[in-house]
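Going by the order they are written in, the chains are A, B, C and D; count residues from 1 in each one.
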Amino acid sequence: MKRIAVLTSGGDAPGMNAAVRAVVRKGVYEGIEVFGINYGFAGLVAGDIRKLTVSDVGEKIYKGGTFLYSARYPEFASEEGQLKGIEQLKKFGIEGLVVIGGDGSYKGALALTKHGYPTIGIPATIDNDIAGTDFCIGFDTAINTVLESIDKIRDTATSHIRTLVIEVMGRDAGDIALWSGIAGGAEQIIIPEKEFDMEEIANTIRIGRERDKKHSIIVVAEGVMKADKFAAELSKYGDFQTRFTVLGHVQRGGSPTARDRVLASVFGAKAVELLMAGKGGLSLGNVENKYVENDLLDTLKNKKHITDPLNLYKLSQEISQG
Amino acid sequence: MKRIAVLTSGGDAPGMNAAVRAVVRKGVYEGIEVFGINYGFAGLVAGDIRKLTVSDVGEKIYKGGTFLYSARYPEFASEEGQLKGIEQLKKFGIEGLVVIGGDGSYKGALALTKHGYPTIGIPATIDNDIAGTDFCIGFDTAINTVLESIDKIRDTATSHIRTLVIEVMGRDAGDIALWSGIAGGAEQIIIPEKEFDMEEIANTIRIGRERDKKHSIIVVAEGVMKADKFAAELSKYGDFQTRFTVLGHVQRGGSPTARDRVLASVFGAKAVELLMAGKGGLSLGNVENKYVENDLLDTLKNKKHITDPLNLYKLSQEISQG
Amino acid sequence: MKRIAVLTSGGDAPGMNAAVRAVVRKGVYEGIEVFGINYGFAGLVAGDIRKLTVSDVGEKIYKGGTFLYSARYPEFASEEGQLKGIEQLKKFGIEGLVVIGGDGSYKGALALTKHGYPTIGIPATIDNDIAGTDFCIGFDTAINTVLESIDKIRDTATSHIRTLVIEVMGRDAGDIALWSGIAGGAEQIIIPEKEFDMEEIANTIRIGRERDKKHSIIVVAEGVMKADKFAAELSKYGDFQTRFTVLGHVQRGGSPTARDRVLASVFGAKAVELLMAGKGGLSLGNVENKYVENDLLDTLKNKKHITDPLNLYKLSQEISQG
Amino acid sequence: MKRIAVLTSGGDAPGMNAAVRAVVRKGVYEGIEVFGINYGFAGLVAGDIRKLTVSDVGEKIYKGGTFLYSARYPEFASEEGQLKGIEQLKKFGIEGLVVIGGDGSYKGALALTKHGYPTIGIPATIDNDIAGTDFCIGFDTAINTVLESIDKIRDTATSHIRTLVIEVMGRDAGDIALWSGIAGGAEQIIIPEKEFDMEEIANTIRIGRERDKKHSIIVVAEGVMKADKFAAELSKYGDFQTRFTVLGHVQRGGSPTARDRVLASVFGAKAVELLMAGKGGLSLGNVENKYVENDLLDTLKNKKHITDPLNLYKLSQEISQG
């Protein structure tokens, strides 16, 4: 293996740059040329490809987003799109590929492997909803960003005796809501994986008020209900001076945390090692604090279940009612 | 003057606690007893009043919100409400009052002064829209909080070639939008004090795209238009991959910045000095980097015009189009 | 078990408050009275003990340090000290104890268990050097605090072409240096567990300079060498415009990260469950992303080896030379 | 004026990049070509000069340090050095210059003006010790960086009953110590401009301890005494469990605050306006919240006195003893 390439795909996540940096530096360390592909699979097909040196990835480890840019590119699902991409790989003499992203990106990675271009997937998404890994790149940064916001909102909630509904990201997975909610001392955490009862929530707030509790914070994953609707529904059970906040795109950004940078660095280096060993069609994972390789096909088949070996949801119900 | 009291009123702002702390400590230093009134004028009428010691305000300077709580209390506009409040002041032997808050709070402060209870107003609101001062307590913290969010949103905007519309607080005043927009390098800043032309904005974005500009950030003060509506209006002129974010209550919270803590500390101590000198019916201000006293009546009559001696709006138009 | 108590001991660590909060709330949830002991074992002996309610631990989860205070108290190593402590436990009717701290604290916990007072140890130290757990409370916050400092120092190092030596905590364990160094993109990481060669380091910097590298950052664990001495030694091999910084006590403080708050919350609740099940003489751990119980005696016997299942040190040498 | 250049000189300060960006963008807006000179006057003499486009200064506003690099270059004090620099200016057709830095930089700026090359100085130094301006670029960021550290150190000081001595930058000026000390609630602030009495400080700590005060924080400007020596001197008057921390280079770095970015942006644009109006030999200032121009010669003659129109030192003594 003399030449490999790396791209980022799908929604961006803090730590993607640290992973790209590690791919480049590990590659150079091993005597391999590394190329960067801009705009994910769209850039692959368009040939938006350039060699990356050790200096090109200097001053990148601390930056959020992805300096290789990302794009959704449904056309890559077709064989026609894939063959165009392969043409470019041939043109540049690239023998293997690292794809950093989520489920959609893995499909492209699998297709390329089948066409004879070994490809390794690295899981990066703040939603933490990719199978085969306990933690995805970006998740740790996202929960800390949400946590900072909860801490700030608590200041104002406490000052006024209010109920604050905070909508966080998570279409199918409640991980962000669960971790940031526990860490933020939220009274209620509403996630896609669990039923909830609005009347019960209203009762809990009422009881808290009676013993002079100043505020209630409810964290809702966007996949369950939008914050404004949730606040409106809650109001049917009483006036709790409810306000709502949608955290939005802020959650995707920010300088990555220490954990995300380390996770990304290890993933990046491992991906190069696998390619050098002639392997492809694999996705990397951090499972039980160890680094593992998964078959890409399995990863795509499995639905990630909530990362709750810690039973955080139950914990929340026991200790949050302060 | 042997006994004074302090309350916070209206929307909370970071730095209110630092101001309360300074009132208490300066009072004690001068041999005066200081009482804290919970929940603003509502607590005054209800007699929710207690003595504050130097230790009571320990570990408070760095906290957002207000540990005296705040509340809106329209009933204090009536003479009946005011007389009830005065009854409480008499009961506790309180001879002067410091009111920390915004315009609404100043009306109460003026009423009490007329009734013979000298009262000093301290301007605190993140909107920065109180007359008689260049800067209100909370403004500096708010613009830095908004700035952090803009910096994070830029990460993701850059990664995907997007136009991001960010709605910030400011019903009648564009100060938050203007300062955070300049500091955040926003391409467009939309404020109540200035007209804007949606077609022109669309053209500017289009021109930027043509010379490979990766993102556009538009900061909109809530008083002009809600972010979702703005994004929808903009879409009529073309598809700019527009996303929007409403920063919301996060802007009110957070540990106060150095400036806000210093401003609050000076205001708090000055207020005590004025009461000791037998003065009342005044509001404090920081004008041209000096501390001044204004007549409360004048302050209420004057509409604060935008703090733009620096001509920031013009500057923004000249240097933001990158 | 009707009454239990909790104390913090040894050096403070961010997240201790979150652990105390979880002990109290889980206890109350289970119908148990929870008492807080101030100043660790010193307060136990002195009877500085009070009941903690759910409200007492409100607004504590986000605070650094420990609101129960901590103290070193070598006198508790003697049987005399222990018996005095037990007298106090009897007086308050306390039947079990949770001890949050490090190795020294565990010795006290073991002694109490032997005397018939079941005690559970929770590992909390920024150094991350307690056996039986992959991560201790406080470590994640500390590495992120160090990381922020490295990012800031890099700004100024880059502006001037400098070599910056940064001394971080870690007397016997290199965990802080290793994780923050990898995350901060440090060129060199010097830890107690590994030899280093000053001449080689000097050569590496020289080579970097030759290909126009602007700065070098060297992270040194305090247990290896003080920063000033390291800088002086390095200077013997050439003038690298070396500056040094000792991060110091800043590393112990700060609002805990999401991970540390979640880790602390789970540990706190688990400790109560173990006491309810009649167990004692155990320390809690997070091993391979699962929660485990260890025998306290074993924990004390084992020396923690560096948490490096990820082979971070080797990784650093391969990808840091940028 | 068709072509101007900009350089940064002396110690770097957060916000320098924002100033360079504003010079470039305002220049381009006015139809002027702007060149960037690397490494200050050293780069000027060496001809390390390149054209800067609007894109070159994109993504720079939020970065600490200076992307034009800085260097001390005493050789520029000689006429010989100056003439070499002028040769380069001629070569590149540069007609005017903006110099961002401190006192040393101003001397070079004055020399160039005398030689017929109009030069404008922009004050940038975290020490805030340049005459002719209330605030220098970088100061606001530095005091907030110090403040964050004080807040963290307070966590650990409170947990253990300790006296913490914190050494901050400021060789001749106490501004950083004074502002961050007030904002951080420090009990003692030691600055070059004021005498202090160690015995009195010891007594104050002793009195605080007697009424159960948990910690004392003492902020010392480096120009008065090194922290270790201060701690040792204090120990002669009793054992106050004193620890010390030297904040060091961290103070110079970090993403600039909103104020620093706005200040820098206005300064940068103003400098271009002055050059366009044919002016030179001036330094910019922000005095009483207005923008002013000073004669460079006057600026160099005047010694900056402490920015204390607010009487912060007196305030500190009245309200800090909590």
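Everything below uses one rule, namely that contacts are C-beta pairs under 8 Å (C-beta built on N, C-alpha and C of every residue); 3 or more make two chains touch, one makes a residue touch a chain.
A quick note: this is a predicted structure, and the numbers were derived from the prediction, not measured.
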Identity of the chain that, by mean CA position, is farthest from chain D: A
For chain A paired with chain B, centre-to-centre distance based on mean C-alpha positions, whole Å: 35
Chain centre separation (chain A, chain D; CA means) in Å: 39
Distance from chain C to chain A - Cα centre to Cα centre, in angstrom: 28
Overlap residues in chain C, where contacts from two or more other chains coincide: 151, 154, 158
Chain contact graph, described as a line, ring, star, complete graph or other shape: ring
Pairwise chain contacts, counting only pairs that touch as defined: A-B, A-C, B-D, C-D
Touch list for chain A against partner chain C, complex: 21-22, 25-26, 29, 54-55, 57-59, 61-62, 134, 140, 143-144, 146-147, 151, 154, 158, 179-180, 182-185, 211-213, 255, 257-259, 261-262, 265-266, 268-269, 287-291, 309-310, 312, 315, 318-322
Interface residues, chain D side, partner chain C - complex: 8, 12, 14, 16, 63-66, 69-71, 145, 149, 151-161, 164, 214, 243-250, 252-254
